[in-house]
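In what comes next, subunit A is part of two complexes: it sits with subunit B in the first one and with subunit C in the second one.
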Partner chain A sequence: MRRYFGRKLLTYSITFFVAATIDWMIPRFMPGDPVASLVAKQAGLSSAGATALVQYYNDLFGFQKPIIVQFFDFWAKLLQGDLGLSVYGHGRPVVESIMGALPFTLALLVPAILLSWWAGNSFGAMAARRKWMDNAVLPIGYILTATPYMWLGIVLAFVLGFSLRIFPMSGGYGFNLEPTLSWEFFTDLVAHWIMPFASLFLVMFGGWAIGMRNMVIYELESDYSRYLEALGAPQGLVRKYAFRNAMLPQITGLALQLGVIIGGQLVTEIVFAYPGIGSLLFNAIKSEDYFLLQGIFLFIIIGTLVANFMVDVAYVIVDPRTRVGMRGGTA
Partner chain B sequence: MSGPASTDPRMESVSGSVDIDKEATAVPAKKAGGEFLYFALRSRKFLFATAILLVLVGFAIFGPMIDTTDPMDTNGVQMSSPTMDAGNWFGTTILGEDVFAQFVNGLRATFFVGLLAGALAAFIGMAIGFTAGYKGGWVDEVLNMITNVVLVLPTLAVLIVISSYLKARGVLFEAVFVGLFSWPWVARAIRAQTFTLRSRDFIDLAKLSGRGTWKIIIQEIAPNMSSYLFMVFILLFGGAILFAASLDFIGLGPTGGMSLGLMMFNSVTYGAALTLGLWWWFIPPGLGIMAIVGALYVMNVGLDEIFNPKLRDI
Partner chain C sequence: MEMGKSRVIALLAVASIVATACSSSSGSASPAASTGPAASAPVASAPVASTAAASPVPGASPTANIDTTVYPRAQTLYTSGKQWGAPSTWNPLDPNAAMGVVGLQYETLFLYDPLKDVYTPWLAQSGTWDSAKTTYTIKVRSGVKWSDGTALTADDVAFTIAMAKNPVVGSNLWTTGGVTAADATDASTVVVKFTNPAYQEWAQWIYQNAIVPKAIFTAQNTADLFKFTNANGVGTGPYLFKRSSDVSMVWVKNPNWWATAALQLNVQPQYIVDIVNSSNNVALGQLIQGGLDLDNNYLPGIAQVVAGGYGITTYFAGAPYMLPGNTAVLVPNTLKKPLDDPAFRKALAMSINVDDIVVKDYGNVVSKADPTGLLPIFSKYVDTAQRDSLGVSFNTAKAKSALAAAGYKTGADGFVTNKDGSAIKLNLEVPDGWSDWMAAENLIAASAKLSGININPTHPDFNTVVADRNRVDATTPPKFDLIINNDVQVGNTPWTWYDYVFRQPLQVGAAENRNFESYSNKDAWALVQKLDMTPIEDLATMKTLSSQLQKIQLTDMPIIPLWYNGAWSQVNNSVWTNWPSDKGNQVIPATWNGYWQMNSILMLTQIKAVAKP
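Take a look at the complex of A and B:
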């Protein structure tokens, strides 16, 4: 087990190092001059003002120093939790902007992942090798999993928000409300939360249901299932074993899907202008706020690594082989 | 990484190993082709998916020839709903651009990105997977570590950071970058399968004959999982399309071109299509992507049943 976690942690450390290095490299080695384009955005600047601004940005990025020094400065600041100031946030520290958006993102993402995983696995397992249910779950699952996240969000917003006016179409809470601990604010929060949650949940649900259905069918075809059946074990028992074995790849699948799920989260937030990390990222791109952009990137990396680690822990809990030192999940 | 069901880790352990056992019993090539056709023509899933894809490919190829309107031409009537009038089948956008012209041109870009990114990712994934699985030892350790790092990296976030610094981005650029980051699960799956094959007798025999590593991989190992490799490409194809659409929707799609993801981006963020109720602008691109990707996934299941006798219910 120590070896299992040791390998995982090594992989995550390297990943973080690579990602942070990409983050550092891009403004420095990309074609084009980021400082020039930042300055060019300030319309009607006198030439003296422009020179001063160029000077200011160069100091801010530290572009004048030798490249190696820049690299170590970057890491020193990073480890102190200093990600710079956000232009979009009117000079607020990047970390502060991100922390303000994070609760909204987590409130959407965590329930959507857990509930869709649970519901998808339950439905998928039920559908396997049961003709009438399979005929319903399979097509619905394929349609859902092939749907782009943002498009399902757009359709939901259009039907439930624009046409039927059941739920508000955008924002995290009403413009007329202040965040307080009141019942009114809470219900408003939930009303704004439902549609983005539903679109994330539905697309993920399709993928899990199909995955589980296929896995259970494969397990029911395998030798141990056949053997149990030959011994005259009841169908329910055989299915139970098949389900437990099919769970493991679904847990690994959760780790593999994290990147896609986070992508889905980002675009869903943009559709609903939900005030989480995705919308913040969108605004950072629109206003060319590179510090904010790079800060969000690092946050997404850290979030993904933490989530991956939690999946690893879940795997150890579910699969006894990893605990006794046998090779379980592929490292 | 690619689309939802596409980065399917389950394929790695399951259909693969079954396939190998079946195929390693060496069916002569000619007979295998005939068998494929026999079952393909009887697989409703495969035929249904192929029909949908052919219709959409037809739209992508011939659409821009029939309707030669420039998809970015803003001279049309603004916000017109779909009518039967010539050149206005899908209505117009808030700027008066023709939605049908955008749709067929966008389909072209979408197929192009999917094909190129899928092929590139399949190529990288195979090269790394075969090498790691066949060589073993420290080569495997290093390649495996690289694979795992790219696997954990949230691809979309990386592409967002890279793309945001580029002022002019083409469709080709998008396809190459999506391909460069979509291969890890393929490499892992192929590595695992190569492992199970490399200790077989016929590989030992090939080694004794003095052939080089790559000759053995291409002539002996790859043919034994050809059906799986083909299915991998289909899944990558669909995944790349979904992936590129997300990138477009964040506003980092091809500049100066048209794609289905870009149509959704324009309609929602600039066109205010949601608040104005211009449904004909954002329904076609999403429906198009859903049809392509859904058809690819269904085709994948159909192929699985064709190649794997255990799953056939014919």
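Take a look at the complex of A and C:
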């Protein structure tokens, strides 16, 4: 077990080092000078003002140091949890921007992933054993899973937000409120959360439901199920075994899907101007804030690696064959 | 088992929402706020705290509205347009200060009305030159209080002027500006002494630069001045800092604002919530649904929205809808062939159909620029007779004959060639994603093609455009052929425009922001300097010098004026009405830095709440 996780951790560490290094390199090898662009955006500066600002920013961001020193500075700071300064925030720490956005993203992502996975698998498994449900779940699932996140978001925003005005169209909470622990704020928060959550949930739900339905049907057709049936085992027991076996590819699928889900999350946040990492990334791209971009990517890299690791752990718990394999046996 | 799992998930969902609520409350009112306005400052420096403690606010407490966590719609003004990212600094000396820091919170000595060319005393009671015009005496208005309760004095004003010596502030007041001394001679008088005063720039300084409290800024007046972000600072203006998040910031009305008693001016909104810019569709949705009262973004197709019956209006009811905000110009690289030839540049100017851009690209929300490039507010400086005889306009036939007359022959592909026979292909660069300019460059290329000029429209990212535009050093020509630029904003003097066109010596490097075309003309630069040294009252001399500069510009065509970009502004009338318009309150309805003190602050005293609170 220790060797298994040791090897996994080593792989993840190497992946992280390479990804972070590439992440650091990209902004530095982009054409142009971020400080020049920052100053160029300040129309109406006097020439003395522009000169002073260039000097100030160069000092602030440490651009005057040799590139190799900048690289070691980056790692030294990174290990202390410092992702540097946002160019567009004029020296605001990147970590501060990300931490402000992260709770919103997690509040969308975690329930959307877990609930859709759970609901999708449940519905899929049910559909596999009831004809009338299968007829409903299959086409709906195909339509949902084929829908781009962004498009579903726009449709929801237009119908429920713009035309019917049931839910607010954009933002994380009303601009008329300050975050407090009050009922009013909480309900407002939920009202703003529902549409982006729903658009993520529905698309993912469709995918899981179809996957599970197909897997369960496949397992029910397999030899061990037939053998159990032939032995006269009750239907419930057969289904239980089929369900358990069908779960395994779904867990692997979850790990593989994480990157795609995060991508969908980003566009969904942009559609609803939901103040999470996706909107932050969008703004960072718009303002060409490479340091904020670099920080966000680093965060996504870490998040994806951590989530993958968690799925690895879950797999060991759920699938006894992995445990056997670790001890050197064969299933 | 299934039950247990779902319970865990539900718990997770609730927990993450609560986490959201707790972590996003940067700068929200803390219980300490009730003891004094400065006490709750997240970055309260020692002087702030001690000033507040030493002098409690007399009379009504300005914290009356500070504790509110819900802003009633009828008392709240929602704005957007200035912030392209989370508000990060409230230091009024930093050019990137958050929306309203100068104007709503900190104030200037004068207001300037660019539409009528009038200076209004604001924190100053008066400002006068002596007869020799080398000493300027400022009488500071009495009865003005900082929001910590202390009085504004001549010391604060003299200190603010002296701060311009700090290189970080980036002012030439004490160098080419001509200031030699600024002393408070008594509690309400500041005497500023000059040698060779740059009158035009001084007139700009007195309305553009905010006066800061000496007690707080003395300790900050170092090389690290901009690291002082000054949230919840102490100002004199009609609003106080309330809170700020990544997506918005909130100002709350200062009940003790001096102008209410002194000038009978009363700002109407109790709260101003400024929303950080998001995408166009979100902004348009907010505006139409009434979630946004004033939007200062360029929204494509706004003419249809105005006509659509949503209660959205603009400054003018019809075209061009917006007041002009700046001039978009085509900048040729005059160090490269064939753009080094004035005859070629003139033919290029004649080949561009700007009317087409105005109609097809902008849907008439902009208007064609005067050949002199001067904004309409400077029309009194335009020598119209000279302009009509020297200025060029769109005419394909004339452009063709001008090219032929200048010796540019047409090649086999229908495009003119250099005089040595080599092909001409001019790259026109605009930043990627600037959709209106990207459409414009295509129209420019199509129009120039009819005259035989080969323009290749490109749209690299903004950083590349800046890198190609800036001169690396004094001898290497910059990389670009043609760019579009609109850096000169509305202001008090045509000098700014001519400084932009003719600036000498050529700047190099990241700080370059004048004379992108690298046009060197010593006579023109001498005239620009002379204009700067002309008192603002001497209109005759200003006109004469402007006319001479226009002659050079129209003859040599160092840059090609295209259209007037609008001071983009659209308002919703459902909660607030009586907005600025050509029919009524004639001020620019803008929230950008630099505009509040150009009379836009008066807009807040003019608008009316539709519903009584």
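Please note the rule applied: the second predicted complex is superposed on the first by the 274 of 331 C-alpha atoms of A that agree within 3 Å, B and C clash if a C-alpha of one lies under 4 Å from a C-alpha of the other, contacts with A are read in each partner's own complex, and residues count from 1 in each chain.
Here, contacts are C-beta pairs under 8 Å (C-beta built on N, C-alpha and C of every residue); 3 or more make two chains touch, one makes a residue touch a chain.
Computed from a predicted structure; not experimentally measured.
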item: Touching partner for A:14 - first (subunit B), second (subunit C), both, neither; value: first
item: Partner chain in contact with A:162 - subunit B first, subunit C second, else both or neither; value: both
item: Which of subunit B and subunit C A:286 touches, first, second, both or neither; value: both
item: First, second, both or neither for A:270, with subunit B first and subunit C second; value: both
item: Which of subunit B and subunit C A:301 touches, first, second, both or neither; value: first
item: Which superposed partner A:218 touches (first subunit B, second subunit C, both, neither); value: first
item: Partner chain(s) touched by A:204 [first = subunit B, second = subunit C, both, neither]; value: first
item: Touched partner set for A:146, first subunit B, second subunit C, both or neither; value: first
item: Subunit C-contacting residues of subunit A that also contact subunit B; value: 30-32, 34, 37, 157, 161-162, 169, 270, 282, 286, 288
item: Subunit C contact footprint on subunit A (complex, rising order); value: 30-37, 39-40, 42-56, 86, 88-92, 97, 99-104, 106-107, 110-111, 114-115, 118, 122, 157, 161-162, 165, 169-172, 175-182, 184-186, 189-190, 193, 270, 273, 275, 279-280, 282-283, 286-289
item: Subunit C to subunit A touching residues, read off their complex; value: 2, 5-6, 9, 12-13, 16-17, 19-26, 28-29, 68-73, 76, 78, 84-86, 88-89, 94-96, 167-172, 175, 226-227, 243, 245-248, 250, 273, 275-276, 278-279, 282, 285-286, 289, 291, 326, 433, 460-464, 466-467, 469-470, 486-489, 491, 503, 507, 509-514, 594
item: Subunit A-touching residues of subunit B, taken from the complex the two chains share; value: 1-5, 7-10, 13-15, 18, 144-145, 148-149, 151-158, 160-162, 164-167, 185, 188, 192, 238, 242-243, 245-246, 249-252, 261, 264, 267-269, 274-275, 277, 279, 282-283, 285-287, 289-291, 293-294, 296-298, 310-311
item: Subunit A residues touching subunit B - in the complex, by the definition given at the top; value: 11-12, 14-15, 18-19, 22-23, 26-27, 30-32, 34, 37, 142-143, 145-152, 154-155, 157-158, 161-163, 169, 203-204, 206-207, 210-211, 214-215, 217-218, 221, 249-250, 252-253, 256-260, 262-264, 266-267, 270-271, 281-282, 285-286, 288, 290, 293-294, 296-297, 300-301, 304-305, 308, 330-331
